[in-house]
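Shared between the two complexes below is chain A, which pairs with chain B and chain C, respectively.
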Partner chain A sequence: MHKAKVYALQVVLAGSLAQNKARSVLSVLAIALGVALGYAVQLITGAAVNELALGVQFLSGDADLQVRGPRSGFDEAIYPKLARLREVAAASPVVELDAKLADRSDTLKIIGIDVFRAAAVQPGLVADSADRLDHLRSDTLFVSPAAARSLGVDVGGSLSFQVALRAVTLRVAGLATADAHQRFAVTDIAGAQENFDRLGRITRVDLRLKAGVDVDAFRDRLQAELPAGLAVQRPEAGVKASESLSRSYRVNLNILALVALFTGGLLVFSTQALAVVRRRAQFALLRVLGVTRRQLVMWLMAEGALVGIAGSTLGLAGGFFLAQAAVRIIGADFGAGYFRDLAPTLTPAPLPLALFFFLGVVIAMLGSLAPALEAARAPPAPALKAGDDERAFARLRPSWPGLVTIAAGAIASFAPPIAGLPLFGYGAIALLLIGTLMLMPRLAVLMLSIVPTPRGAPSRLALLQLRGAPGQAAVSLAAIVASVSLMVSMAIMVASFRISLDAWLERVLPADVYVRASAAGDTAYMTVDDQARIAALPGVRRAEFLREQQLLLDPSRPRVVLLARTIDAANLTRQLQLVSAQMTPAPGAPPPVWVNEAMVDLYGFVLGSVVEIPIAGKPTAFTVAGVWRDYARPQGAIAIERERYIALTGDRSATNAALWLAPGAAVEQVSRAIDSDIPGGSRLEIAAPGEIREFSLKAFDRTFAVTYALELAAVVIGLFGLSSSFGALVLARRREFGMLRHIGMTRRQIGAMLATEGATVTGIGLVAGFGLGWLISLVLVQVVNRQSFHWGMELSVPWAPLTGSALLVLALSTITALASGRHAMSARAVLAVKEDW
Partner chain B sequence: MATKNLPFANMDSALHPAGRLSLSRATVTLAVMLVVHGLTKSYAGPRPRAVFAGVDMELAPGDYVAVMGESGSGKSTLLNLIAGLDSADEGSIKLDGTELTALDDDALTALRRKRMGFVFQAFHVLPYLTVAQNVALPLSLLGVAGSEADARVAGMLAGVGLSERGASMPRELSGGELQRVAIARALVHGPQLVLADEPTGNLDAETASQVLSLLREQIKANGAAGILVTHSRVAALTCDRILQLTLAGLRELTLQ
Partner chain C sequence: MRRRRFLASPILLLATAALAADDYPPVVAGHAMRFPGDAGAHPAFRSEWWYITGWVHDADSKSFGVQVTFFRNRPRVAETNPSAFAPRQLLFAHAAIADPRYGKLRHDQRAARAGFGLAGAREETTDVWIDDWSLELVDDSYVAKIAARDFQFDLRFSSTQAVLPQGQQGFSRKGELPANASYYYSQPQLAVSGSVAVDGKGADVSGTAWLDHEWSSEAMAAEASGWDWTGINLNDGGALMAFRMRSHSGSALWAGGTFRGPGAASRSFEPREIRFTPHRRWRSPRTGVEYPVAMLVNLGSEEYTLEPLMNDQELDSRATTGTVYWEGAVQAFRGDREVGRGYLELTGYGKPLKL
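This part shows the complex of A and B:
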């Protein structure tokens, strides 16, 4: 290109960036906010998952394969059989459990090992000790440095654990060698079995194979020989199963953060679109002077790239600090409880840094693309003529691309999940959003034609302006429609979820008092004697007990929950919130089980099907007699009659109890009786249904707090977008305002005109945003939530908060429009009539 | 009410309705509508600059004067001061006896709305309104609507030769037509004073000549007074009088 042309381009474009300083800064900030949120979420969840993987890797040591089974363990007789296999070089039996710390609410992972076997497979678990016999003593353990720190215990001190309802105290003999973040304790396997009521049972066998053995072939062979309910897999499969529990939550957070970035891209689009329109005549001049279309597009894209580079750089720095603050304040899982014991170190890795930098730049450049192409396509001669601005938006008008995109979105919403993730659901939301934005010019024309023309000159003029230039209005609308629709859809989804959760809690908590052995861990339970004492307490009219177990049905997934409980088939709907018909197995058919919705989605346990469930090492056939709603166990849960469970396992212990009180008896009275009459009764957790409900809803709100924050960010960016668009439009129309001031329009009237325009545009944005938001909420409720978490829910629209938010957005945007118009109302605008451009 | 002697016999003035009204009161004088006295303007800033000082001017209904001067002599500034869009350092501007320099912004705006019309070099016809809607703009600001407004707009459009273009959008019009729309808009509400700032600066000679004739004809036909700011001698010659603005004030010019 000729040097003079380059100079001309540089002068015009650099001058424009300088002229649009405020709007350029807003665009940079919007991209920065999106990048910061995305990067922070990725940094935190990535670090937490990495920490989880490192933990599993460390604990499994050099094992090539692991044999795992139910959470409660399996018969230790399996171990010698495995150790004797000729392909196995070394086998190490493990008892791994989460032990409830006595008189504390948390747990500690206990790893019981045979120190001689473990040395060959997991040498990292064998601690250095002055007295080597400590490794064999049943009353000692070695805690990891992280556990010692968090529990405030030193070598020589002791830790007490709750086993059933009694306390078991073990001496800290030394520190286990481990990296800084893993929180666990190692003890002798026999001691673990004895102390934690696991006699004769182990939970895992780690295998190191002989050199030259084909690991996968051996695994397949061994799997066929293992008893039901046991699985053999590579250690990393365990990591995947642990990860999968939180994966949907993490992906949803990432998507929400990306939505904020997308809204930022829309802001760049509206800013650039209007800036390009304002400079239309300037570009036409450049084209007349010999600048090619390609050069013009490249320069305008470069403007977008500059915004993206600045936004990404700022966003990455902000994201890093945001992530650190978030981990410190709300934890690595944003309060959702997936990574409760993890305190990951946030280390910026090059790949995510590069990825988010690239995303920010690309989104900003994409935001600039359509305006740049339009500027390049505009024929110079008409573009030089005043009043040609609206022609720039004519290409945004055809409705078929928008309709096709929306139709594609609707079709995508019916597609099944991919690898357990609702990728088509996300795609459907994106397509619905983009399609509606593409239709906005048409919708704006339609809606503006419906609005009655007011009598007052300013409002009348405002409406005529909007009708005359719907393309400009549509560009201003893009960011506001996107943010309002996201706000509405999230609000509907969260309200639907909360109301459904509340209804579910009411249904599943029919008793007067609930008792549980512990909130977490595998070691607390109520013995038969404890159960009998509780049932016989004064004031207790009826007691039902429940045993919760965890079964491994698929080694690539987390264990499913088995609930052995008293089931009254005649009054089942009072106990479980059934979402299917209730069926009774035909005579001769296997006995019934009732499964939650996740079991249908993940394992295909549909109503009426006969399924095989490994209980007590034996595969047992059952008939699925009903599907129930469950917001507590997205990994899957199966309810079975307790008598049948006892018959199959001989396990009469219980983890939970539901108590119905006699008339006149009070919860406090029963609570006091449990404390005083049951040995270890003070360790039981007792709650009335109201407390459980309150606690659950609080936990729900805490989990969704980060969702609200990300949603708020999208709305703020949307308002930025509106402000930016209005600022640009007002600047572009300063000659118009100058003329209007000449012919007798007061500043107040111009203010009223701008306020009317702002309110009308936002009103249209709200109508479109509400409609689109409702559609997106359908996809969120029926597709994304269902496929991510397997939760069904009834759609509820929170009218009052949504109306309040809409009015707030309307007021804020009207004020924004007024503030943007302050130039128009200044005396200088009067002199603008002298300007040609 | 201030009066002045007729400077020269002017057929247009004599035939003007406002002129006849004044003649009925005093046969040799017309009511002076605009009196500018001792107007001084300078620009402050790091390098203060005096624009003009001691500007005096009187205008009666039907008067149509041209103001000429070198670039930067303050012609447009004088127009802005008369329109109440800028404030003078000293001096007085009276329109029908109302002292403009004593009015606040709202009162000045109301005064402009009722009594003044403007024609700009760059037309400033709103691109999103039809031709008729553009012309009706001052009426709608004055609250005149319905059939009365329609009749006045139709009359003005006929006057400027655009009867058939009322429903057209501005982008469909030529520069000359756009300026005709602007002239119609400047006069549709019956202003006493029309201020035109280089109205033919963006037009070719032939179109300019047509627009200037039309502007004069419409000002006279509507009984208004007009001030035309121009660099063009040809344009100035369409006015009744030609005044030259200098640092020392206005002086009358005679052009051949």
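This part shows the complex of A and C:
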């Protein structure tokens, strides 16, 4: 009795945390990793978005409303009309564009203002200057400090921009006052129009209204009077629109980080569950000594909370440093290209800090909840005896909750997106995962009954042991199934995407050479003369030109892309990867346009429908004649015949060209000819389809690099959980090993038994994990990706890497089982058996 | 958020004239003024203003000063830019009320580039506007409509006398160099009618005002740091104008003046016949700048004492243009007898007028 008392005290005072340092540390680390990843992702994307919002706020100043339209601008005649409206106190016209820097690959945002008008609406844009006339000169600009830093230019220096294929050089007259970290330059609106070929056009009018005017009522009235393609919105709407471009990506990253946290919770669960089993007798003793069930539950939950607090604290610190390193090394958008002009500062805000701390603690406590309840529920008397461990997991066995959960997941996967986000899709994945984990003990029994009983004594023993006590393996199984299914589903999704992308790239790049005016920005293009010269180059058999524009269809969304290109309706499938039937508008019906999948999802441009598209300020009716696959423009894209576009707009310029070469002509030869024969031709970007494909796939891999990293984290945490549960399981069975040794089994045989058990459990986990992973990948491809990015893809399973990973997991778990066994058997057999009595 | 306005004051415009002026037309003697053409804008010249100052009183017979000024400036930038926004012509406007009951000036300002019909200055006759601020010559009356932040003018300034050309038939020298000159005429004894609203409360007013219309390319000499100017409507129907250009040391560089008795021909004074002597000084509590707000003005054998309607008529535009000057309603006395009312302008007392 004396011994028991000491024991009890020990339990109460030190708890299993101290007793089981290694595993507790592992749990803390798992929670820390999940919290760190989640917090880092939140910190970075949050900072970038916040910066974006601040930037828009700063650039729009005191404007109550903004009138916006196509990216290329609209007729400036609308400006005096707006300025004269009775309700308008001040109207500030703006020409905003991304100008391609002549000697660099990037762009700089140019904001052309009328300094007198801006002073009344966006005073922040009016810089201090030594010579006030520099605000009016057409050849000067004021750069923001962030731009000056990143471009390495000082006041008095100059910047060259590519306009069409020419270079335009402007003098840096001063620094724009900037409270934001955005890269931009301010110049006179007349200069912006002249220098960047925007004569007669403006891109925005910012309005400050007179005091007492009802902003929303006035906006509604004004909207009704604006020409087609123009929208009047509060400036915040612009923030939302630019935010929405990256939102799906950000949310997906956040979810992945949460998955890492979830697997961390699972690890806590497996550690605690087995610790509870192992300490069953101790808890029973405590109960006998007068500890109530409630106290026991509280105590065990407190242990979980302790793990959570330690993990969260560590994770938040780690997440902050991780975020800093990530921003420095790969940029605020993890290389996805969403926040190119931003250099955000990371400031830990109290709310996200508290949120992630709380998340970590709650998940750790949830992980402890089931084991704690289980421990409290056990009647003390039988629990004091040996061999009762198995009862611990009896409660996890009823199968209907698991089935219901899986069914709910299946139903959720059919639900539409919420606010453009696949929330039900994520919910479906969570439900499928949880449901499967709930069903796992049942499935394990089922699968074990199918496996034939082997001959050899150790293996036979192993299988019989598992069949007899499948509940014990359930915890290990949960860890395996969770991590394997996540790994498999992500692998299938990424592979499907990459293969579909590759196929798509092959399809959309049929020509021999591709030429574009510039990689980025609004200012570079090919004039009619340039186009004629390119088409007439020796070696060029055929040339097709494309004009890319951006139209504002819905002010709360990013602009959609209008592609005016040569379209051969008879051979359409050679140019666009159609995912719909191809139709010809009926005689008398509006002319055809072809839209990408995003247009169908976002704007309801379904096949055969008649849609209105504002082109050159006029609403024009079109028939949707086909839907094509497009991995490049998730904001939506519309293809229109170039001749029709020219007839509507008079715009004959082109941004891209596709060249087919004459037999025997080489890409290099044409490329050299463009350099030497076309004025400014060296500014054109020339690429063979292979290079574009390579580049695109590289960009794809870069974007998914973070995905891979998060996925890896989830798998690693899952494997920790596996080793943890195996180790504990084996420890809990020391008495059994002692007994086996007593009846004559060698250590080697026990080792073989354990290895077989490990391999069998892992095998079952792999089978279930692959099945579940495949199901989840279906949801990822058909629901999450479709709703997030509005593109479809063909499902493909990367068998080779998956098989490799499966074998690796199998080997690792077998080794883990063996190692745990060796550790367990190092105790003397006699002592192990004695422990019971 | 800090609100920064981009405006120029009259001083600033004149000071610009100290810079190179190759392409601006020269101001030369012997130019015959023709109306209404010369009442309109002269866009080729660097700077130009229509400057109305007057004394009015409301039904309570309380007197206060009103000022409406439109400036036009040709900055000679972006002149070849085909854009409709090209800032070939700039327009600025100031408006102020000098009411002793308020104790300091109420003033507001506008600035814009000409274009899109939102701001401009016609060449045919006086017709200059920025948004809802305008000054237009209709028949023989200047109609001023000003919608300022806390006051509104709807005023008519009707001619009662012939135009008064300044200097030699409108050629007004400002310095030793013949190039330092402006075309300059005045319209004294304008009869004021209309309404002035302050803080939403309107009142019908009447009174007497003075208009200066002056255009030039290189009026201010390089060594000038500011000027003193006054224009007085004499109670007997006469008019007097006097100015002096000051050097950095405060000494007079140049001076000019005109006197026209009721029904008589006008007489121009030589620089040596004109003297400005500070009589009383006032230091602005806001800017610390000291102005000679009461002035003795000698014009030939006559001496006038100018006493301000109130001391604080400082127009502080440091936050916007960096210039501070004093533009105030004054009474003219000979001995103890009030003989007329008008305005006094004191520039360049804070710091030399330089861009």
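Methods note: the second predicted complex is superposed on the first by the 816 of 837 C-alpha atoms of A that agree within 3 Å, B and C clash if a C-alpha of one lies under 4 Å from a C-alpha of the other, contacts with A are read in each partner's own complex, and residues count from 1 in each chain.
In the analysis below, a residue touches a chain if its C-beta (ideal position, glycine included) is under 8 Å from a C-beta of that chain, and two chains touch if they have at least 3 such contacts.
Source: prediction; values computed, not measured.
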item: Chain B versus chain C as contact partner of A:736, first or second or both or neither; value: first
item: First, second, both or neither for A:303, with chain B first and chain C second; value: neither
item: Contacts of A:757 with chain B and chain C, given as first, second, both or neither; value: neither
item: Touched partner set for A:190, first chain B, second chain C, both or neither; value: second
item: Which of chain B and chain C A:460 touches, first, second, both or neither; value: first
item: Which superposed partner A:601 touches (first chain B, second chain C, both, neither); value: neither
item: Which of chain B and chain C A:62 touches, first, second, both or neither; value: second
item: Overlapping contact positions on chain A, where the chain C interface meets the chain B interface; value: none
item: Chain B-touching residues of chain A, taken from the complex the two chains share; value: 385-391, 455, 457, 460-461, 464-465, 467-469, 735-736, 738-749, 827, 830-831, 833-836
item: Residues on chain C engaged by chain A in the complex (per definition of touch); value: 1-6, 8, 75, 77-78, 81-87, 90, 111-113, 116-118, 131, 355
item: Residues on chain B engaged by chain A in the complex (per definition of touch); value: 76, 80, 83, 85-86, 105-106, 109-110, 112-114, 116-118, 120-129, 133, 137-138, 140-143, 145, 170-171, 185, 197
item: Chain C contact footprint on chain A (complex, rising order); value: 61-62, 76, 79-80, 83-84, 93, 114-117, 119-120, 123-124, 126, 131-133, 135-138, 188-191, 193-194, 199-200
